[in-house]
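Here's the structure we're looking at; comments come further down.
In this document, chain identifiers A, B, C, D and E correspond to the written order of the chains, with residue numbering beginning at 1 in each.
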Amino acid sequence: SDSGSGASGDSVTVAVAGPMTGDNGIYGQDQLSGVQFAAKEINDAGGIPSGPLKGKKIKVVKFDDVADPNQGASVAQKICDDSGIMAVFGHSNSSVTLAAEPIYERCGVPLFVSYSSNPAITAELHKNLFRTLIDDAKMGAEMASYSHDQLGFKKVGVLASDDDYGDGLKTNFTKTADEIGLDVAKAVTTSAKQKDFTPQLTELKNAGADSLVLLNTYTDAALQIKQAYAMGWKVPIFVTPGSNSPELVKIAGDKAAEGVIVAAVFDPNSTAPGPSKFVKDFTAANGKGPGESAAMSYDSFYVFLKSLEEGADDRASVIKKTDEIGTFTLPIRGELIFNETHEPTVVPGKPAQVLLQVKDGQIGSYTG
Amino acid sequence: MPETLLRADDLTVRYGPVTALNGISLHVDEGEVVALVGANGAGKSTLLKTLSGLIRPAGGSITFQGKDLARTAAHDIVKSGLVHVPEGRHVFPRFTLKENLLAGAFTNDFKSAGKRAEEIIAGTPILARRAGSTAGQLSGGEQQMLVIQRALMADPRMIMLDEPSMGLSPVLADEVLELVAQLSERGMTVLLVEQNALGALDIADRVYALATGEVLFEGRSDDLRANPQFADQFLGVVSADAERRAHEEPEAATP
Amino acid sequence: MSTTVTDPIFRATGVGCRFGGVIALDSVDFEIGRNEIVGLIGPNGSGKTTLLNVLSGIYKSTSGELEVDGRPSRFMSSRRLSRDYGLARTFQNIRLCSSLTVRENVLIGMHSRFKWYDSILPFGPGSREKKAAANVEEILEFVGIGDKADEIATDLAYGDQRRVEIARALATSPRLLLLDEPAAGMNPREARVLVDLIHRIHAERDMAVVVIEHNMNVVMNTASRVMVLDAGLCIAHGDPKTVSADPHVLEAYLGKRFRDA
Amino acid sequence: MLSFVPKPIMRIALLALVVLGFLLPNLVEPYTIRVAATILVFTVFATGLNLILGFGGLLSFGHAAMFGAGAYIAARLMLDTGMSLALVIVCSVLGTAVFGLLVGITSWRVGGDYLALITLGAGQIFYLYLNNAKEVTGGATGLPGIPPGVFFGWDLTAIENTYLFILGATIVATAFAWLIGKSFLGRSLLAIREDEVIARAHGINVPLTKVIVFGIGAGIAGLAGVLQVLLLGFVGPASFTVDQSILAVEIVLIGGMATTLGPFLGSILVIGSTEYLRSLADYRSMIFGALMVLILLWKPGGLVQILGLGETRASKATSLSALLAKLRRSGTPPSRHSAHAEPVTEEARP
Amino acid sequence: MEFLQQVTNGLTIGSVYALVAIGFSVVYGALGLVNFAHGDILMAGTFVTYGVYTSFHLPIVISCVIGILAGIVIAGIVEEVAVRPVLKSHLLIPMMTTLGMGLIIRNLVELKYGSGTLPFPSFAGSGFFHIGDLQIARAAVVTLVVAVITLVLFAAFLKFTKPGFAIRVVAQDMTAARLMGVPVNRTIMAVYGAGGALGVIGGLLYANTLEVVYLGMGFPILLKGFAAAIVGGIGNLQGALIGGLVLGILEATVGPAAGSYRDAIAFVLLIAILLVRPAGLLGARVQERV
């Protein structure tokens, strides 16, 4: 079969695959809006600026995986079969990415992962996969040190979701907590589709936790915040980047969410030139601000674009070029260097996450 | 000349491709006992079901006390005073005897029905013995008595009985027919379907004989009893060679 | 009760059967000889059908002893009784498989002769299916519905449905056939044809037959021996003439029509 | 609809359909091949259920667990051992059949809606097991990266080949089910479905037959599981939820119960519409739901009956009115034409 | 103490299951039919309450009544469209047509409210009663009280009113009911309406307890309701109540020990109960009369 040119006529087609509906729907939608916004910028400026495909427009198609690994695998198969698609941006949830990756790899589709953070994804080299985000090993560890140093938690109760995201964070959080002497009262796993978390919350409460760390996505976290509040259990709560979304507050309610601390990989209120320009332009174009995952996928699109500019013109050459270039300048986060497994090189001492906090129904900066 | 209570004209009923009634006309006068006889599948039950509104006819008209019934829903027909006791008894098996009788008074004075029901049970020896049971536990004859009494709870002007003696022991079958005769004496109009044509003829004023959805004979009981063709076909008092014919028919089919 | 049968195919001694508080069979002694037609009569609810159900293993008796071919059978399943001891029956409320044709309904009666591998090799030459099919034809002809083999069984006229039931029972090649009110709802004429069929079954197929009936014409014209049940007890037993003259029977069962006659 | 077509012509048409099936990879683009392959996988899946539910009348709402057992056994074997595909299939089918036999044993004790709940519960427990036994099943993530199969030297990597292999397997499974349906086992099942008392009284071993059909149905679903693995290259628990069990019931009913072609026709409609309605994203399940209601209201015998392709042996004995009649039977003899239960709609059928 | 606390927690969700199970049993008892749209009807009714409350700012009580009425109407439509015409078919057919109706209902709600989780205004208010060390959520008390009241009222309705009598008559023999002058079609519709109302009440209490509504809420509750109904002996109202409470308490007490196999525990026990008592806790297995 053909190698997949992805460039037909006067456009280049890329796919965004992620959860577009359901309890993780925001991730896919944000991710899609990030890529679409990048494509719009490029198309408005006359198409791909240089390289063999110069002047061609970018076309974006979306695939819904409903945050389900099965759907992810079947989406991957479909993208593989469709030689008109040059590259894929996604998936959001680590579990889905892990399920879909071997399929993309087998048929040679370049995969730009901007939001799945489980370490296993880049544990070994997958030639076609490039992740533009720090992994959970770093983020989990960081959340533990934040809890201990900045937030002053003494005895944390941990709730983790039953997927690769929750699992990866839990492992690394508890490991670091152990190392730095943070007492973990209990770490409990919740199951998918669960809505009533009172049993687990009661368990943590009984274990004497003085704070809650919720290692999961926004719907789960919001329900847990809400139910802890309803139980009358008032403790500081710390949530993941996956919960850095206005939906968190909407579902949990202003009262319950007040004061919740968020570890974020993207701070929309940042005054640095990259992020603030992105937020301004994006808001102007979309009528509302970007979600975290939009910023991440926007960045990753410029990695792909760079490979086109440097001479790539089909699936195989995108993979080859991206690997060769190795160093990129991301519009929001600045310099990114891929290591040997296509994971961003960690700059020692530079934190991957910033702390934000819910105040008056808005996620703003952390004030302690 | 008594008034005609129920009249059906040119009734046609189909079950899918099967025509069960093919243009049947009949009438029942006030106070009469009319018997309906016919072989299996002749359409007797279908006719009763059509009259009581369980089945919509494909054509023809039905009037009861001058009111059109062909388009009236079954439960409204009951209200107008025509009650049907279907074949197969249809007691409410999980109800007690009293509750079964109450159900019969659904269109009637439901409030005072409880007392009446108790009186009826007490007044019917065969039911009084089983007053404590649910209807599902009764024997066939007891159930038959129960459903007839249940139908009477509606104070109908006319009652239609579909093979009330089927499956009953000879003694009970006689008792049921006796009850029908008593009802008639009390002024009730009765349309009776019976396989046991001899017994039916004894209590009926007039008879219709059906075959394959059409009326074959019609007349006063005594006249028909004397009609040799009718007797041959419906009473089973067969002449010797008719009997032989009946015996040999199945074998004739063998090649 | 005195024993009139030597070497019975079936023997019940003191059999009782109760449902909660209801005593359907009190204590019944009953025997069926190898080649006789027995009539079973009694008022409604006297336990006739229950006795049949107990004999054929569909209900379990709550007391007494049952023997088939001299072997205790009280705890045998109806499957075993049908398969290994040749008991076959029809049902008071016709029970036919409503989505199957007449032929298939009768084939069900032959299932005990199939082996498990017949379902994987059903169409080979000389397969059991073929032999069974030929057998079905023959039985259908015998009961007189050979021309209706491919109709859906429950679409047939009532009398014919009764025949299908009988054909299905015959397909098991029984040694004892139990018929529960085969003439119910038949008109006098059809009942006559039925009487004839019962005689032929008995004569040509060599088996014992038990007939439950309320139609006294049928009972009198077929049975060589009649037993009368009342309230779960046998109240009379003997040849048809004697039994129908028994005052108890007249009182409890036959009623005034017979008394006057 | 097609009932006027003479039988020989229907046979030829069927043959032409099979030939077309084999030529399909040369005619259409890969996406359609993949959809066709998915339809076939679900055909096999539903064929197993059709034996249990259509023929045996046993309400099984846990069939996805059988599907899953086959898929996971195959996936593990393909990941961990270098076993040949043929052997993998044998192991999965047998393994699943044993699993089915065990579930089937519960049908000795409970029937009807209660069996529905038991099987549903068993399916749910199995699903939780898939989610939690991380070392064996990979947990919620499932088992990614299953290598493509090689069938006696035939490399199935290309979708065209996978499809052809699945097509072959589907034909084998369908033929097998047809044979079972025609044989005395099929008839025993129909008899049990209609009336267990009759079956018993005529020498049929009811419990054994029930368990056997559970085993066979499960084995066929296990085969479908293997095919699913070959097609997707991945297994995860979400393919084996209650929803999937219900989907299989839908396929059987929409296609036509207790028919040979029913599962195939049902899958075409159910799987085909979920795939091709994707473009109507927002209205998809509504259209699908409406289609389902309309088809079953039009002809309860499903597509087989609508197309006039044969008799559905949809049982009247398990219709609601008949069940109620059965309830009644505990107290009264039913009317003599008991099969022609009274029209509830107050109207004779036109 | 802790155990007692768990039991108390279990009573809340158990009462929800019980209400749904009763709604389920009502329909089942009358028609012998499993209504697969039940979950979606209760979801839709709950969303109607949510919608009316958030967009028209009506008092919550009135919003709830409107939601319940909507449930009655939707259930009536489901009966009319998808059940009545196929009453005589194989019993799986109405199951599947109701399932299809459920899909349509779900899609309609999704078009309006999307597939995410939405915050639901809790009408019982959050907060607690304390009895000694025992902490009882206000929502739990409301749920239990409403469930018991509903059950008692409904049982009384069935037993003492004429329409209730009609339902019992229809449940036993539709033909005979018709011949007694009972308007059967109207009664069946009423049965569905009642089932729908009970379902929505359950849905509202569930939403009140968790303070959220979401598209997928119907199915899991339906599943548990179905299970509860069967455990209790399907068609039996008291059985449904007991089944629901047993299930809720089991989940709360045995659940934590089972960790992620929490749902399995309920089902394992369920299967065990059914294997020991094949007709459920209060169901009687009768020897079929042959």
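Simple rule for what comes next: contacts are C-beta pairs under 8 Å (C-beta built on N, C-alpha and C of every residue); 3 or more make two chains touch, one makes a residue touch a chain.
Only a predicted model underlies this, so the values are computations on that prediction, with no experimental measurement involved.
Think of each touching pair as a link: the shortest run of links from chain A to chain B has 2 of them.
A comparison of the C-D and A-D interfaces places the larger number of contacting C-beta pairs at C-D. Across the assembly, the mean Cα position most removed from that of chain B is the one of A.
Each chain gets one centre point, the mean of its Cα atoms, and the points for chain A and chain E are 39 Å apart. One finds 30 Å separating the Cα centroids of chain B and chain C.
In chain B, the residues that reach two or more other chains under the touch definition are 40, 53-54, 73-74, 86, 90-91, 93, 137-138, 140, 167. Within chain D, contacts with two or more other chains are made by residues 131, 197, 314-316, 327-331, 333-334, 336-338, 340, 342-343, 346. Multi-chain contact residues of chain C (touching two or more other chains): 58, 91-92, 158, 185. The residues of chain A lying in touch with chain D in their complex are 1, 64, 68-71, 73-74, 77-78, 81-82, 95, 98-103, 106, 162-164, 167, 191-192. Interface of chain B with chain E (complex): residues 52-54, 73-76, 78-79, 83-86, 90-95, 102-104, 106-107, 110, 150-151, 154. Across the complex, chain A is touched by residues 29-31, 33-34, 131, 139-142, 144-146, 148, 157-159, 231-234, 236, 238-239, 281 of chain D. If you check the complex, the residues on chain D that touch chain C are 179-180, 182-188, 190-191, 194-195, 197-206, 258, 313-317, 322, 329, 333-334, 336-340. On the chain C side of its complex with chain D, the touching residues are 56-58, 77-79, 82-83, 88-89, 91-100, 104, 107-109, 111-112, 114, 118-120, 122-123, 128-129, 154-155, 158, 168, 171-172, 185.
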